[in-house]
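Going in written order, the chains are labelled A, B, C, D, E and F, and every chain counts its residues from 1.
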């Protein structure tokens, strides 16, 4: 029996992936892109590889992306005022056009392009297409044309998945009169994951996970997460993520992961290693 | 037998549509939007109604749209220089971003939104999605990131049609390295119609058709059209349209129509009346 | 923007049909033909056009027809005695042959022929074919070979609809021993509509609808209809229609219409106008 | 090993059928009924059993029937003159109604009824339904409304077969204007068999097969059959059968059988015994 | 009408089969082979014919076979000790190899070969293939590698049936670690029949059925069978058969038959005659 | 951007697999097992992992196995004489039983079991099942019951692949009378690969490839391989492999690989590295 030291490593790694493939094939994962992972050339390329690889081994992948920084940047170039109300972008009609252009035109197509370089058969759509994300005007405060998700038309996404495509979704929605609205990407991802009964919803962010007392928490139940919000341990921008996570779990998603998109191939590490990275929140 | 004068008109009109429905059901029409039909609110709404109606009566409708004016307008707002070489937009990297944003983000989604108000199940995609429009760099002169269509992946469009969706396509393409290119919308529409073996390719423009000696020509064979180009009767912006028409006819399209988009419901008039509107060019 | 007075009317009418198409596509309508609509050449032709048009815009159409006058006429030509018991035809063996011949041979094929002229893909069958209408001998009084519907084999009709055919059904049934029976067409239509969970069951008759105090009633609930039968407002030949209507509503039909077949294109008016014609009876 | 004399016969017979089942399953047989087999109660019942059995063991069965005697009988009852031109019924408008009524209404449904008693899932249609048999006016002599088969819409018949139904077809046709015509049943059966690429076309007649010098010929090639027509050995009513047979063979049918319908279970004997009954004509 | 004495018998027998075909087509029968039927050349050939015929007339047939005698014979040839514990074979590792070889290699393929001679499209598999029979170690006494059925993966068997194949199954199972176990064939047949919701489970044995007071009992209800076990009327090797029968009935099988495989064509007699052979046990 | 040295290696390896996955997904590979890879516990387990992994990433895998050593071993235990004629096993009736038992019963099920541990959905069949490998008696010399492949029924294998199963095939065949024959595994693998239009046929052997002048040849065209046979460079047991390879290439296989099964994960190295291992022979 011949042994070739240097080369064997490679095959061993591939083989170690087998039990994870066996566990997840045929399942649906919704991946929310955001933050650093959308800005660094190397990370963008790696995430494209990662989702393609996951699709190839039989996992149904749906990508939902944000794009806040680019929206702000183009708004400035167009001399539009950027206004935030309690951390949410106030979206007037002109800003909505920028949102639409940057999300559905620029970022969406760039992600699609990168995935397709690796043979990933990505198709970029928005919540407007096929009436995918139905919303109503957000009414808890006046944010202009910001919508609250009412309903997700999952049959269109399932149709794309069944035909072997990898949907990449820009978080814009449409109300029953055909008016277009800006939608929070975290919330859209949660609603889509819920509508698809996803096995996993993964938030790729710029932090390493949920933290308490300066320590990363790797595992949380729904109840524990609720407590951490109540007692203030979870705060700031982490709140909408965790709340979307909790809603997604309620809607049937099995597990939500908050992972650090700044780690190279964080998605693969999360899927193909036992320890994972970041924080997972599981249904009770 | 009761006769109700005012009301009967309505039913008669519907019934007169029957032979046209019978003739075209199951066929594929590619509609190229451009010019006035993309600018006037009333016309935009009417075209949305028209394509929805055509889809509902069993015609497979594919929409390809342009967006030159909006691209120029946003380029100016962003202080980008607009440069034309022999009538074609020179597309540098920054302009390409504007092209992508305006076509795939703004106009595409607005058309989709309008069609879906009427129940049309439109899905907006670009030539990047699912590798739909494969191009190479246009090399007859230096136009920057302008692509020449090499191949259309018709299986993705057919898949959408077979599942009851109405594809709306932004004319951007991708080369084999994943680089994005601007593509002439007339040419893209012709290539897509050819790849789909469309029964009709309809160019909606701002003129009333092909003219010779100040008279509208309502019918042309391929050969006649070629002669009119050679002897200079067809000139200017009409040339790429007629040339795309001729290429589409070569690729298997049965008939190409050049109709005046400024006429209200020009599409319905073209389909549902014997005389039609504008100019038709037919395969030999 | 060009406006062409005479011609624009046409397109407007077509477009006005859109919301109705949107509302009804994919739904099933059962149309019961009878009376004048089966005798006047012009009306026969119009109904054929109407059902074809409805089928083309995506409504599943099933036609059930009667044929009393022709049966009586052929019975007389063949010197058979015509006998009615409480308004129902007494059907002996020889009369049953006439019923079978006139309904399944003459009228059924004539309706099919007329629909197919317009491309309607009609297929004429009877309750005998594929065991479509299962009956037992009517036993409330002796009407000879008159059957009471026991069961409708809807899978055969659904199969025809799913394959794009328009079933035209002659109301004859068969019992478990294979004996053929005459079946009241109104009742057959109701049973078939119920078995198909039809959205609409339309009775085309020779009256303008249900009347009370010499006024046409355009809308009735189930309960109101029952009361009108009890208090004698509804009487005579209208009773079996309304009773079949009520049974069909019980079986899951959403709405039953009684419309005046003498009005030209009454079916289109009923479907494509808000006010409709005749009387509608709706489930509670 | 136990042996039970009386009972074992039964199983042996069933088992002897196996090689024939193996040979024919998935194949299509077109059976033309006519003559005695349509008049005697016992024979009618047996043929119904036979075709049901053949269908159950996996053979696609299509029945085409005639009805000349009944047409003549009803014409007489209705005081219509019966006129024959060179052995073919002259069909005026009133006679056509009788043809339609007797074939599509009376005989067709009676055959369907009998087959369905045995679970055969028969569906009775005519050449009018779904535009099944397209004809033009027969123009070699004036026979009134007699049609010549132009085209058979086999997709409708295949659709019925694929869904497990047993089509029973009345030989009436329709021209491109929707006019109904009487069609010779032998010729219709041949055309239908050709359109379906049938493995067998079986004519059930009142004679024991093709005879020469008073002896039954059990096997003929196409060429031999042509010679026997030319030299006058085949004559009279046998000519249209053999000519239809030859046309069917040309159209792709593999074998045509002319069997004596007066023999009980003649169909089963033909299929399940090596020697068969009657005459077979085979493609060269 | 001609009558041919000798030949007509044949057709009559075939026709007598029709009501049974009608009753059972589309149903699933699981046939357990064992005993004499696996040893005598003539019987083996007959059973192959029988199951093929049943498959051809539309019954879904699944064969499960034993092979005890051959296992013992090969064990002896290989000088392995044969040990029985309370009537069940103690299966050490070497014996398991013999079990596997004889059942899956020798007997399974011989049955497949015989069925395929008659066109039966048999496919031989074992409980190991596609994880068909999941077991755990039998733990009521130490029998070595003998497994108890935990679960049957019916989707694989249904897939074969739906594609027109006739599965022949060797009773070996596999536990969750991939260890192979010997499984009692009667019990395996019962579990498979239950998982398939079979209409019939037929045990072909070497006795003529269940007997009480020296008389064959032709019909038993579940409760009666339980009583006969309790009061000792049913004893010995009949107990596991009847117990498997009762479990199969609990799992949804409609009827269990215990028939004498020594009777020629016992299966056909059981299916195609009213009286049947042997004992049937029916669900309450 | 965080970098975690030790862990990143893993993800990089997975990602390096992407272009190979992209290249091969949807293709069919036939793997012939033999020699050392069937004897060493560790290698057996690794090959099971490898084929499972290849199946999971979308390659259609078919395994064909040999088993010569085990056949010889069991023949000896059963005191059967082992006779070779020109290197091929003389197979008398008793030896054939051993062949059948060892290949289809012992080795086939062991391979299936090992693959299924990793979730590979393997199904073990032989050339007898569904008439998969049709043979006639080998007649170039008298080898007893040794068959020459006449025809492969690829529809059964395709059916298994299409339903997500991984076929493992024992090389036994059946002639038109149902007689079973021993078949050379290399030749069977070649014939099966040809019938499936496989992209690759991989022979896993005990040598490191084809050698000339003591050097491994990594690439050969068909013509070069033929020359090496003619000039004696290729000799001995390598001849049937290379000849089967050439026949498979003639039948449409794109590439044949001869790889050293003694290398751990040789299959993965062959598929996922550019250099590969062993010798490849390509179609001209």
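FYI, a residue touches a chain if its C-beta (ideal position, glycine included) is under 8 Å from a C-beta of that chain, and two chains touch if they have at least 3 such contacts.
What you see is a predicted model; the values in this text were computed from it and never measured.
Peer 1: Among all the other chains, which ones are in touch with both chain D and chain F?
Peer 2: For chain D paired with chain F, the chains in contact with each are E, in label order.
Peer 1: Along the shortest chain of touching chains, how many steps lie between chain A and chain E?
Peer 2: Minimum step count, chain A to chain E: 2.
Peer 1: Through how few touching steps can chain B be joined to chain D?
Peer 2: Between chain B and chain D, the shortest chain-hopping route counts 2.
Peer 1: Regarding the chain E and chain F pair, does the interface count as same (over half of residue numbers shared) or different (under half shared)?
Peer 2: Since more than half of the residue numbers are used by both chains, the interface counts as same.
Peer 1: Give, as an integer number of Å, the spacing between the C-alpha centres of chain D and chain A.
Peer 2: Averaging C-alpha atoms per chain gives centres 66 Å apart.
Peer 1: Determine the centre-to-centre distance between chain D and chain E, using the mean Cα coordinates as centres, and give it in whole Å.
Peer 2: Averaging C-alpha atoms per chain gives centres 44 Å apart.
Peer 1: Using Cα averages as centroids, what's the distance between chain B and chain F in whole Å?
Peer 2: Measuring from centre to centre gives 54 Å for this pair.
Peer 1: Enumerate the residues of chain A that touch no fewer than two other chains.
Peer 2: none
Peer 1: If each chain is a node and each touching pair an edge, is that a line, ring, star, complete or other?
Peer 2: Shape of the chain contacts: a ring, since each chain touches exactly two and the loop closes.
Peer 1: Can you trace the ring for me, chain D first, then chain E, and on through the rest?
Peer 2: With chain D as the starting chain and chain E following, the sequence is D, E, F, A, B, C.
Peer 1: Which stretch or stretches of chain A touch chain B in the complex?
Peer 2: Within the complex, chain A touches chain B at residues 74, 77-78, 97, 100-106, 108-109, 112-114, 116-117, 121-126, 128-131, 156, 159, 163, 165, 172, 174, 177-178, 180.
Peer 1: Write out the stretch or stretches of chain D touching chain E in their complex.
Peer 2: 1-4, 7-19, 21-22, 25, 36, 40, 42-43, 46, 49-50, 52-53, 56-58, 118-119, 260, 262-265, 268-269, 272-273
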